[in-house]
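I am attaching a structure below and will ask some questions about it afterwards.
As written, the chains take the letters A, B, C and D, and residue 1 is the first residue of each chain.
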Amino acid sequence: MSATDTGGRVSRFGSAVAEGWTRERFGLIGALVLVLVAFAPPFQVYLFTDFLVVALFALGFNLLYGYTGLLSFGHGLFYAGGAYGIAIVLRDLGPVIADVVGAGISPLVTFLVGGVVGLVLVVAVAVPVGWLSVRLEEIYFALITLAFGMLGYSLIIQDPAGLTNGTDGVIVLLGTVDLGGVSLRVGGRRIYYAISAVTVVAATYGVWRVVNSPFGTVCKAIRESPDRAVALGIDVGHHRWMTFIVSAAVVGVAGVLRAGLASVASPGLTHWSTSAIAVIATVIGGATYFYGPIVGAFIFLYIRWAISRFPALEAYWELFFGALLIAVVLFFKQGAVGGLMLIRDRLVGDDADEPSDDDARTTDGDGS
Amino acid sequence: MTTVLKTEDLRKRFGELTAVDDVSIEIDDDKITSIIGPNGAGKTTFYNLLTGVLQPTSGSIWLRSEGGGELADVTDAEPHEVAQAGLSRSYQITNIFEGLTVRENVRVARISHEGTRLDFRSRATADESVEADIEELLDLTGLTDIADTPCDTLSHGEKRTVEIALALAIEPNVFLLDEPTAGMNPTEVTEIVSLIRELDADLDATFVVTEHNMDVVTDISDRIVVLAEGAILADGSPEDVLTDERVTEAYLGSDSV
Amino acid sequence: MSLSSLVPLIGISDVVIGLSLGSRLFLIAVGLSLIFGVLGVLNFAHGGFYMLGAYVTLAVVSNVVDNFWVAAVVGALAVGVVGAAIEFSAIRRLYERADSDLDQLIVTFGFVLVIHETVRFVWGSGSYSIDPPDVFNFSVTFGGSTFNAYRLALIGLAVAVLVGLWLFITRTYFGSLVRGTSSDREMAAMLGVDVPRLYTGVFFLGSVLAGLGGALSAPLQSTSPALGDQVIIDAFIVVVIGGLGSMSGAFVGAMLIGMMQSLGPQFISAGSIAIPFLAMVIVLLIRPEGLFGGIGE
Amino acid sequence: MVTGNGEAGNKYNRNDDVKAGSESRAPVGRRRFLQAAGAGTAVALAGCSGGGGGDDGPVTLGAAYILSGFASLYGEEAERGIEFAQSEINDNGGIDGREVEVLTRDTEASGDTAIQQIRSLVQEDNVDGLFGLDSSGVAQAVAPQISQLQIPFMITHAATPFVTSPQGEHEDSVGNEYVFRDSNSLAQDIYGAARVAEELDATEWATIGPDYAFGYETWDYFQAYCDGLGVDAEFTAEQFPALATSDYTPFISSILDADPDAVLTPLWGADLTTFVGQAEDAGWFDQIDHTLFSVGMGTDLPSDGSPLPEGEYASTRYDPFVPDTETNNSFREAYYEEYGTLPTYNAEGAYRALHLYKEAIESAGGTDPSALVDEFTGMEHSGPVGEYQFSETNQATVASIWGTVTYDDEWGSNVLDPVDRYDAGPDVLSEALGDSDLPTGI
């Protein structure tokens, strides 16, 4: 890529930002927010990291639900898979890795190795589980994924292989990187936030690419009408299986980050009530929108936090989300993102060309 | 004249009911063939057998593959394999991707045809030749003006046209149209009939139509096959078939119920 | 290692306990199965209904009338009213949707949260238990093992509910409407059945069964807000194994799982809680309509 | 009738139709609400972490207990102890003239939740010190976080020895300089159980415990002590049902089939109440000679129907009658006057934690975390539980207390009578553990 090409891109980006509420301007604001959050008080950094992780969890879940119409009540299995993968590597291989690469850098290397192991583990589980599950549809798919999730939960609790430490889970200690006198605690709020933010942004971009690829376009078609897709020569079962695996992998990445954030990989991650968090966030945010799960996760985490500021109410936060879930499904299935779009259309007028929508058509501009 | 689709002694039983009863038929590429029959004659079951949605109890189905190869046995093929082999269909009750725009609908079909279904790295819109094909198809079916409209906001007639565009986009050898004029007003019927005539003239695909509207049937068909109680009752040119007494009887008999 | 001495023979008490656990599971599952069979709704909140039935019964016994049976009936009817209200105000809006199955599941999941938190608000997060009704509150010793006579009574009650429900469905006019509507809704509507009212009625009946299950099981378990979440999963296992929509299937499935829960702690030390889920997966894959009987009663 | 008050009497007169495992009460609800709302404003203004308010403002402490679910009564008891100590301190000049405030948070029975709550207390509410914790599993997950947050944590209940066993001593050890415990640990408590076992005419032993760290560790330590002390014991059956199991019958039946002479059970909270009722139905107390309840007296709240059957053995971390000192007697009397019940060990542990902070802050002249840690390290202290010192591993050298459950009409409550105190210092435990690789945690 030549220098002028880069310069052209930059100036094009600049004019796009100046032009109006374009994708570029939203992107720039988002990047600024991500940087600014790093300087917030520690608890706010923590809360925002939590939001990013839950957002990625829901985003992965919605790849299956929003894009192929399969509602999984068992994605906690992959969330836990990522978390346990890294937790077990940290516990059992940490010392070995330290011997090989030296103690100074080993926490970072172990974290990376653990992340990769977690991801591989998740995919290894998702391949057979997905292959079996996508044979079923609708309620039956929800039930079989729930059963797989709870099967995982039972096995983690009962720990026949002696790996998961039963009900108590595996403690995650990320350690401190020590390089030439500079020491950085990997689990430190701001450092871990940086790791999470980079990972989540990269994963989100990856999912966005998938959604807008030929593969993702076919996914959307399957959601709209599976038998029509079949009649066009699409092997819907196979496609759903592939989507299942990609979806699980994304959730697995979120699980890896969850382990470091929570400092423990606990069996509760694979319980159906954890899987339900992805459902809640996605439905509230709007399942038909790419950004729906992210906005939903934001609402979920921050409203929960706001409620927790009032201990008299704290115990009853689930009531709020239960009621919200019912209201959204009954009266406004577009969810929060749909609501935001409505508001934007009112404010900007209908002539704005849907810049923040998720669909493939929004990318027409950069083809040339 | 070439045979593009052939069934041999095709039979489908549901318990005690024989829905399709030893149907043997050869479809030729130089004619528009209409398959008609009273309600319950087995047309839908017959279509579902041809497209692989149902498995026949006995008999076989042969389809000429793309590019004029040999007839291949597709009796046991999965529905998507039948479609890939060159048999496309439209549905009696409109079945399109409602949440997508017209162009996206067609793009899905083109992606399927191009075999890039599992490509998750590149952009769906990145392949310029695919995009050009889409434009051409939209132009052919007269959908260019509404290409970026989400389908759930289209009129019934427009949706029926999208349905045809979708089925055509996979470049079928054989195109099964299941009641293309169902639910249309007279203006829309005229438009769709002329579209089918145009397409038949412009494309290599062989059209097979089921239809209730007898005016449409006589208008577009070169050959009519009448099904009754799962079996072929009559087969021939429109003039011959429509004057056949057994056909009149079958229809009147069913209508009088 | 002393494991060898851990393996006893199956005693009478194991069977009685297994059947009583199964009876409890049947009472939870049968209403779930009925509602699914007729309405096609998988009611995630059914466990919450069961828990609510137990709480209302406890509250009535301690505050209103000191009679377990009266309280159980009040509890069951109260839950029925709650269920009917939920069907009428929320679930009804979803029948005509394209993806109604999943929307129903999500909405009823919303009610799981609402019921759980409401119960916590009213009764706190602790757990309660209740003595069996006096008639059955005595110990029975049988082949060297002792159990409360109410365990036997519960088995009888479950059988009575099964028989009563069967008679109701097969011998009454309402039952014939239910059967007709479950096999072909459009046809039933054309024949003049008021389908919406029938649906509300069936949802009421299913909810009553859930509430009754909670009420009758209360003397044999502790009642806490977590109960609903625990039993709904058991109920899913039972109805899947027995066949969604099948009542006799729910009975057989419940007894199987009950025996498994009774014998599990003795024979399988690790992995015992995984087995029901494994069974659920296998049944869904091989025979999604369930092991016993098809859709119907 | 729900038995929700003191007149209910011994559960074994079970005339009541309903017995309550616990019932939600919120004696300090309103106050907590106001404090938290105030703290929220303070954070918004202060904006960053560290130290807490100035030296003139109140001393803020964070408490983390189980306030909901199967063991919520432990949190509620701790709240009473906190409230009691708080008004005692604030009515007598506070801590160096400063008021003491306590923010109480619910950990549930989840390590994940507990860590989040503790982070919020430290980083959002800027508390000066932390105390609490009921669950051993939670404590094991929390301890490593405490050393990262670099703030003292006084555990008042969670009993796992591994949080006061320095990291590296055993593969499960997570002890560090910031984590202390003012009540006795499982290693101390179960030493007493083995001493009781020594005296009993029972050779076949079984256990039924909760399916997490605490249940397993209790059984491991018991077996190790029996070996170490040369107790003639065989270990014949073990069952570990999940927390919050609603029906223990299959597990009970399985233990009964094995027919042991005695059973040690660390079930606790509402689980214990449920278990005891169902065990009684199954004829447990007729068939099994001795049952040892290692957490029994914490659950055995007179107000909630006193679940423990008379004549069985139970331990406690604090006994309201022993030692017979002025401090203990006046604490018991004042507490009884205030709440109408005897103080449970969880109330006493929390009560003492506040006094420990008072002493440390006054002695250090401020709330600097590392100064507080220095003060606590090796501190000698006395309270209702007696005189004790913090060991090298930050564990209080309190005694193991076991006795026979006896209903006492005067107090309307179960008490331990007769009761024995077993000295459980480092040397005693390490000798009793013999060849075992389990740490003493002291």
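Assume a contact is a pair of C-beta atoms (placed from the backbone, for glycine too) under 8 Å apart; a residue touches a chain by one contact, two chains touch by 3 or more.
Since the structure is predicted, the reported quantities are computational estimates derived from the model, not experimental observations.
K.L.:
Moving only to chains each one touches, count the minimum steps from subunit B until you reach subunit D.
P.N.:
Tracing touching chains, the least step count from subunit B to subunit D comes to 2.
K.L.:
On the document's contact criterion, could you list the chains that touch subunit B and likewise touch subunit C?
P.N.:
Neighbours common to subunit B and subunit C are A.
K.L.:
Most central chain by CA mean?
P.N.:
Answer by centroid distance: A.
K.L.:
Looking at chain pairs A-C and C-D, which one is connected by more C-beta pairs in contact?
P.N.:
Between the chain pairs A-C and C-D, C-D carries more contacts.
K.L.:
Among the chains, which is located farthest from subunit A on the basis of C-alpha centroids?
P.N.:
B
K.L.:
How big is the gap, in whole Å, between where the Cα atoms of subunit C centre and where those of subunit D centre?
P.N.:
Distance between chain centres: 37 Å.
K.L.:
Taking the mean of the C-alpha atoms as each chain's centre, how many Å separate subunit A from subunit B?
P.N.:
Inter-chain centre distance comes to 42 Å.
K.L.:
I need the residues of subunit C touching at least two other chains; which ones are they?
P.N.:
Residue numbers touching two or more other chains: 120, 125, 273.
K.L.:
Taking each residue of subunit B in turn, which ones touch at least two of the other chains?
P.N.:
There are none in subunit B.
K.L.:
Which subunit A residues sit where two or more other chains touch them?
P.N.:
157, 315
K.L.:
Name the graph shape formed by the protein chains and their touching pairs; answer line, ring, star, complete or other.
P.N.:
Contact pattern: none of line, ring, star or complete.
K.L.:
What are all the chain pairs that meet the touch criterion?
P.N.:
Chains touch in the following pairs: A-B, A-C, A-D, C-D.
K.L.:
For the complex, which residues does subunit A have touching subunit B?
P.N.:
Per the touch definition, subunit A meets subunit B at residues 209-210, 212-218, 220-221, 223-225, 227-236, 239, 242, 246, 288, 359-361, 363-364, 367.
K.L.:
Which residues of subunit D touch subunit A in the complex?
P.N.:
Its residues touching subunit A are 29-30, 32-33, 36-37, 40, 43, 47-49, 67-68, 104-106, 110-112, 115-116, 119-120, 123-124, 137, 140-141, 144-145, 148, 174, 211-213, 216, 242-243.
K.L.:
Touching residues of subunit A toward subunit D in the complex: what are they?
P.N.:
41-43, 46, 50, 157, 166-169, 171, 173, 185, 187, 189, 262-264, 266, 268, 308-312, 314-315
K.L.:
In the complex, go through subunit C and note every residue touching subunit D.
P.N.:
Against subunit D, the touching part of subunit C is residues 2, 5-6, 8, 11, 13-14, 17-18, 20-21, 24, 58, 61-63, 66, 68, 120, 123-131, 139, 141, 145-148, 220-224, 226-227, 230, 261-266, 273.
K.L.:
What residues of subunit C sit close enough to touch subunit A in their complex?
P.N.:
Answer in residue numbers: 42, 90, 93-94, 99, 101-103, 105-107, 109-114, 116-118, 120-121, 125, 229, 233, 236-237, 240, 244, 270-274, 277-278, 280-281, 284-285, 288.
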